[in-house]
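Both complexes below contain subunit A, partnered by subunit B and then by subunit C.
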Partner chain A sequence: MAASVAEDAQGPGSGGPNHGLRIFLIWLPIAVAADLLLYFVYGPHMPPGKMSNTAASQQFDIKVMSVLAAPVMAFVLVFMAYSVIVWRHREGDEEDGPPIFGHARIQATWITVTAVIVLFLAGFGTYELAWPGFAGAGAGEGPAPIWKPDGTPLQVQVIAQQWRFTYRYPQFGGFETTALMLPVGEPIQFNVTSLDVIHSFWAYQLGVKADANPGVNNVAYTTAQQTGTVTVRCAELCGLWHGAMFNFGKVVSVAAFKAWADKTEVQLASVTKILPPYATTYDPTVVPQINKAMAKAGIGGANGYYYPPNDPVQP
Partner chain B sequence: MAIETQPDRAQGAGGGQPLTGSSARPWWRRPAIHTAIAGAVIGYVLGHLLGDYLTGATGAANQYPNIALSDSEDWPITLGYVFAIVGWLAGLGVFNDIFRQMIGRPNHVNGNGLPEHETSGLARYFRYSLDHKVVGIQYLVGMIIYFCTAGLFAMAIRTELLSPVNHVFTSQVYVEIVGEHGTMMMMLMSSVILGPFGNYLIPLMIGAKRVAFPRIEALSFWLTPMAFLILLSALLLGGFPFGWTGYAPLSIQSTVGADAYAMAFGLMGISMILAGFNIIVTVICYRAPGMRWSRLPMFVWAMTTTSFLMVLAAPVLVGGMYMLLMDRNAQTAFFVDRLGGSSYLYENLFWFFGHPEVYILALPGFGIVSEIIPVMCRKPLFAYKVAGAGMVGVGLLSFFVWQHHLFDSGINPDMRPLFMLTTELISIPTGFIYLVALGTFWKAKIRFTVPMLFALGMYFNFLIGGVSGVFLSDVPADTTEHGSFFVMAHFHYTIMGGLIFAFMAGLYYWLPKMMGIKLNTTLGKWQFWTMFIAFNSTFLPLFAVGMAGQPRRVFEYALNLQPLNVWVSISSFVLGFSILLFVINFVWSAVFVRERETGNPWNSRGLEWQVASPPPADNFDQIPVVLSGPYDYGVKDAQPVADLHPPAGVLSAAISQSAAIRAEA
Partner chain C sequence: MSLPARVVTLLLAFLAVVAVALFVVIHYFLGGPPTVDYASGVTADTGATVHVVMQEDPQNTVSTHPDWVSYFIQNPRTHAWIHTTLFKVPAGSKIDMTIYGYDGCTPLRNPYFGRVTGTIGGVEYVNGKPVKVINSWSGCNVAHTFSIPGINLNIPMASPSLTANLCGTSPCTSGPHETVTFSFMSPKGPGEYFWQCRVPCGGGFLDGFGGPMQTIGFMTGNMEVVS
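Now for the complex of A and B:
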């Protein structure tokens, strides 16, 4: 009975302006304009940019989601704005509003449309993750990754500790450096691990984020498409100096990278001998032993540290 | 469950008789907050001494090597807190009734068979009162204090973020403040609506004279000041550097402030379990005749769903906090990878609680606004069943999405499409709340009262917050957004923009009912507009800040983000000022002006509005018989919502009919 009252109250023959049509006509240009602006004007500049294939796929994802979200938000906002203007209480009117308890078709439509949008997004996101070209979208996949790029990726180990990132290149003798240099155009495999607490390796322009857990090797892939600077920040609160745990990496040409790697391998050979052998995870208790070994070999300062404990550099 | 108008026997073991005279002891000899404080102090000292003994500060170390290996202050602090909690409760008189029953002495019950409670005077608000209305007001004042304290920490955070190079606080202090703000808000605001409004209003809304477990309800409140003070005391112990999430192994590495964090959070978890449990039983068992599930106010649906979440999720938190304390204090290795444990265990335990927790924060907000808009629109709530399905759907699905906090952490990569799917799916029932709202606004007669303004603000804010959640649920996009200010903006929009705006709406709406006084409307409108504009000005830019690469919980950020951060910080100061406006309004109206507002100022059909404001001591003279739903606005010749003085035949017929139905079954 309530439903039939609802139908009567809303039927097209009930007189008065067609609010639904009005709302639709206000919504349509706003939604279309927003979508065009988002896709074509802002789209190419959306974060995180296109410096790597993973970043580009994330940018595309964000573009698609924005294009879907804008009309949905516009609809709710237009409806609410229309309501507060057209359906506000007029002075002196003490009547209640029409007793509309529900409307089966509108409810069914809403549920269907929201379900379709949401399921599409879930499928789309899965596609972006699993499609071979994207190789996991730069997210850390744990020690047994299932979405890998084609070819043999360059191995870069990221060792996170409180409060610094260091990088080891096993294919170049396993030297450890604070400089992150990467070649353009080749697939890169980041093996992220930690020596103490949970950190997170976030290379912003590359669209890579992988948590660093002690005793765990977290693998993430990317392929850089452009040369440039990469900002690396720790993205998981790891204690006192988490806010200062960042550095800058560089993506350079393949030749320049090879030259740098070979040169550094030779330069750091004496230190590499003393470091623990390259492994995907390390026992954190090994760090004090390194310090002792360094001091014994006469490397490092009087305090025995390889990396001097000065205050982190300001950005 | 028989509903009796007059009890035929008083409750209590040993055949107790109602007390005839009031207690003649002076106020300072009766258990109240002052005895509770004394008990807590004595308990802390005893616990600390015991801990000192166990750790060998007095020479017994050799017997307990595991304990001696931990930080020498861990056990004294932890045991100190445990004994302090027991002392606090003992000082309040929580155990008195239990001991009395154990030794066979009668409990005090009044003429209605309800546990005796004082019905007047200011002192009862400082006691372990068994009147759900008193507990509601106690929760209200407590929650406002906790919110403002945590808000001050937020002001400090934004002060530090004015510049990436000039530091107001040391990094140690900054990370402590970040942890305090986050933990205080997430921990204590989980009961910000269920505590004051749930406890106060649910019996009134369902036609009951009491809650099912008044002692458990009062206990759930009195644990919150203790949790608050223990959390604050962490600052005296050097704070904790791991934010509200407490990830091991950082939390195991930390000094004694982490023990305070674990104790406070675990205690609040227990408070949540107790509060939720009481609400569930009350709603199931104490509804008046005629109050079918299909006539239940949407607020009660939201509270019931929230309570289920509390009861099912909080135990996991308590377990996780306990394991953390053991790892820290007794050298167990639940979360230490190199000794056979796993840091992932903590993350999963925490987020299995943590995700339902955020729905514990969001659902009450939905309930309040769904309750307010029919009254202010003078229209029925559109699609009541869909709204109910939304609440239940959100509650149910909230247990299946927790790994979306762990997409980049190295979990099994197969899990991520699954959790992406469930997280996307949960936005469907969340969307129902908007379907119901838009349908209620259609052809309505909207009155822009202060509660309605806050409700509209809530819908606006939660739209942004909810849609940004969809962005976060997409795993590739989450790779950039996780751990950044995008997440910060998302949850502040949903929690502060959703829950706190709904809290304000509920407060302005129900304060006439709860305290019989009106909050100043002009000041309320000023507060709303300042808060709404400042809130959006503060948190909208943070989406951009996060996408541009600023991680969470950092005190240094890229120089090119400074202008945005400065804008956000200044807006946050204005936001803080709007909360100050609220506090001024509240204190001014409730304490000084006290402009009486009895009766039904909003012309609401809710059952709680059909009794006096504030309600009489036992809510209803007789259990009412509910005749129709609360949202029948605009219906011609609508039945009144309930018959408050049903003739004797009606009630006994209802009772015997339900008894007959039960006999058949």
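Now for the complex of A and C:
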């Protein structure tokens, strides 16, 4: 195609119309209009919104990607339409098409432009993984995150289990609850783990998504910028009721959050005291307390496991 | 190959495909456990009381998986125990539930779910005594849970003592058991609410999470709310 354009782009010297210039002049306003519409009209409504700094950063990334992709797509469509209209076979025309030769300038331009775009995207993507504020992009960074926010973030542990998320707040006595409540304007550190199979904690409006693996603490950061409701979904196929594994969290003012956390800590004190001590991960297959009683009765497994060493087994 | 032979071969292949399709439809879409209807004859959204009765057993000897733990639901009219975990209740009604716990103890994977939530008064009654939390890691006291996440209902099911000689034939009609009762309001609109057990009771499967834990008719099911 590029070679064909090259032939036709010779323009006045070849005696025919300058197809390359024509295509460019058709493409340019379409590409500019598409970019303006994408960035300024549709852009502010692109997912995941602007509820947090990480969500806003992701929305910006998607806008940039769209602005880069739209001209390329427009060029493909314009070229295809132009080819169908101008270079279509006409009745009675049995003549062969002109021979196609390489065109160094077109090829160099093509390679340079695509290389620049790809290299820019690699650099942009790498930079954006660290942004915003060099605190990660809302994705799980593993147990030893490279990028951290300044200050002391609010710790929220996300515990996934079939088929529900629970949340522990270690800075408030380590209480555990099924309600996700977050303060606006404060950095938040999610410590995401699982008690059984692999899940994924996806707080859509916050732009946070981190895999929940048993025995692993997957850390993700965000700072909510607006109050409102957050949809939390499991984003990893995790069994029979995976599709029903979701809940709704809330981002509230700092004062409202503090009041809720203080109140809940007191309300759940009787439950908190039966929980295992707060830790970044848990091994729930080991329950030493119950093992003694079960072993005494001659049932259950040795070493504090639910079942004997040969049971559980892989089915 | 002769023409008749080709026709016969084609016909046989076609019939084989039809047979497989029919098997899939019948086995997977029409072959599930029945739904026990607690809604018929009750007007929805009137606050009427419906009494749902279930039991959990250490086995299911009336199924093809006799060693799987299982729930059963009682038919409200015949009082027969049905091998199913699907039931239907009217919307906006008070659901009084009785669950007979015949199975032995296994600790909860997350002791947080030893907490009773979603019931009227925030309690369940174990043999008539009100309970708000059961610590399954402190002793042999929890067999399973009955949990409906969609309405934040969580009921830890008390278990018979560690040394009890558990019922060996399902559905159980005698043997050591705990009687757990509680009440909750069904949602006002129609909908489907899955329920599950949170104790990893799928013995023989990795970490106890396979088999009955993932199979409707055993330790998980559905509450259909109708208007």
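Note that the second predicted complex is superposed on the first by the 268 of 315 C-alpha atoms of A that agree within 3 Å, B and C clash if a C-alpha of one lies under 4 Å from a C-alpha of the other, contacts with A are read in each partner's own complex, and residues count from 1 in each chain.
We take it that a contact is a pair of C-beta atoms (placed from the backbone, for glycine too) under 8 Å apart; a residue touches a chain by one contact, two chains touch by 3 or more.
Keep in mind that this is a model prediction, so the values were computed, not measured.
Contacts of A:39 after superposition on the shared chain: neither subunit B nor subunit C is touched.
Once the two complexes are laid over each other on the shared chain, residue contacts for A:126 go to subunit B alone; subunit C is not touched.
Contacts of A:159 after superposition on the shared chain: subunit C is touched, whereas subunit B is not. By the touch criterion defined above, A:100 reaches subunit B but does not reach subunit C. Contacts of A:260 after superposition: neither subunit B nor subunit C is touched. When the shared chain is aligned, subunit B comes close enough to touch A:89, but subunit C does not.
By the document's definition of touching, both partners, subunit B and subunit C, reach A:196. Subunit A is touched at more residues by one of its partners, and among subunit B and subunit C that partner is B.
Contact with both subunit B and subunit C is seen for A:244 once the two complexes are overlaid on the shared chain.
Once the two complexes are laid over each other on the shared chain, residue contacts for A:274 go to subunit C alone; subunit B is not touched.
When the two complexes are superposed on chain A, the residues of subunit A that touch both subunit B and subunit C are 196-197, 239-241, 244, 284-285, 312, 314-315.
The residues of subunit A lying in touch with subunit B in their complex are 9-10, 19, 46-48, 54-55, 57-58, 61-62, 65, 69, 72-73, 76-77, 79-80, 83-84, 87-90, 93, 95-103, 106-107, 110-111, 114-115, 118-119, 121-122, 124-126, 128-130, 134, 136-147, 196-198, 200, 202, 204, 207-211, 213-216, 218, 231, 233-244, 246, 283-285, 312, 314-315.
Residue ranges of subunit A in contact with subunit C, taken from their complex: 159, 161-164, 166, 176, 178, 195-197, 239-241, 244, 247, 268, 270-271, 274-276, 284-285, 287, 289-290, 293-294, 296-297, 299, 306-307, 311-315. Remark: subunit B residues 164-165, 171-172, 174-175, 178, 241-243, 245, 247, 249-250, 253-254, 337-338, 343-344, 347, 377-380, 382-386, 407-414, 416-417, 420-421, 424-425, 427-428, 431-432, 434-435, 438-439, 441-448, 456, 459-460, 463-464, 467, 470-471, 473-480, 482-484, 547-549, 551-559, 631-636 touch subunit A in the complex. Against subunit A, the residues of subunit C that register as touching in their complex are 104-107, 109-112, 114-115, 117, 132-133, 135-140, 149-150, 152, 162-163, 194, 196, 198, 200, 202-211, 213-216, 220.
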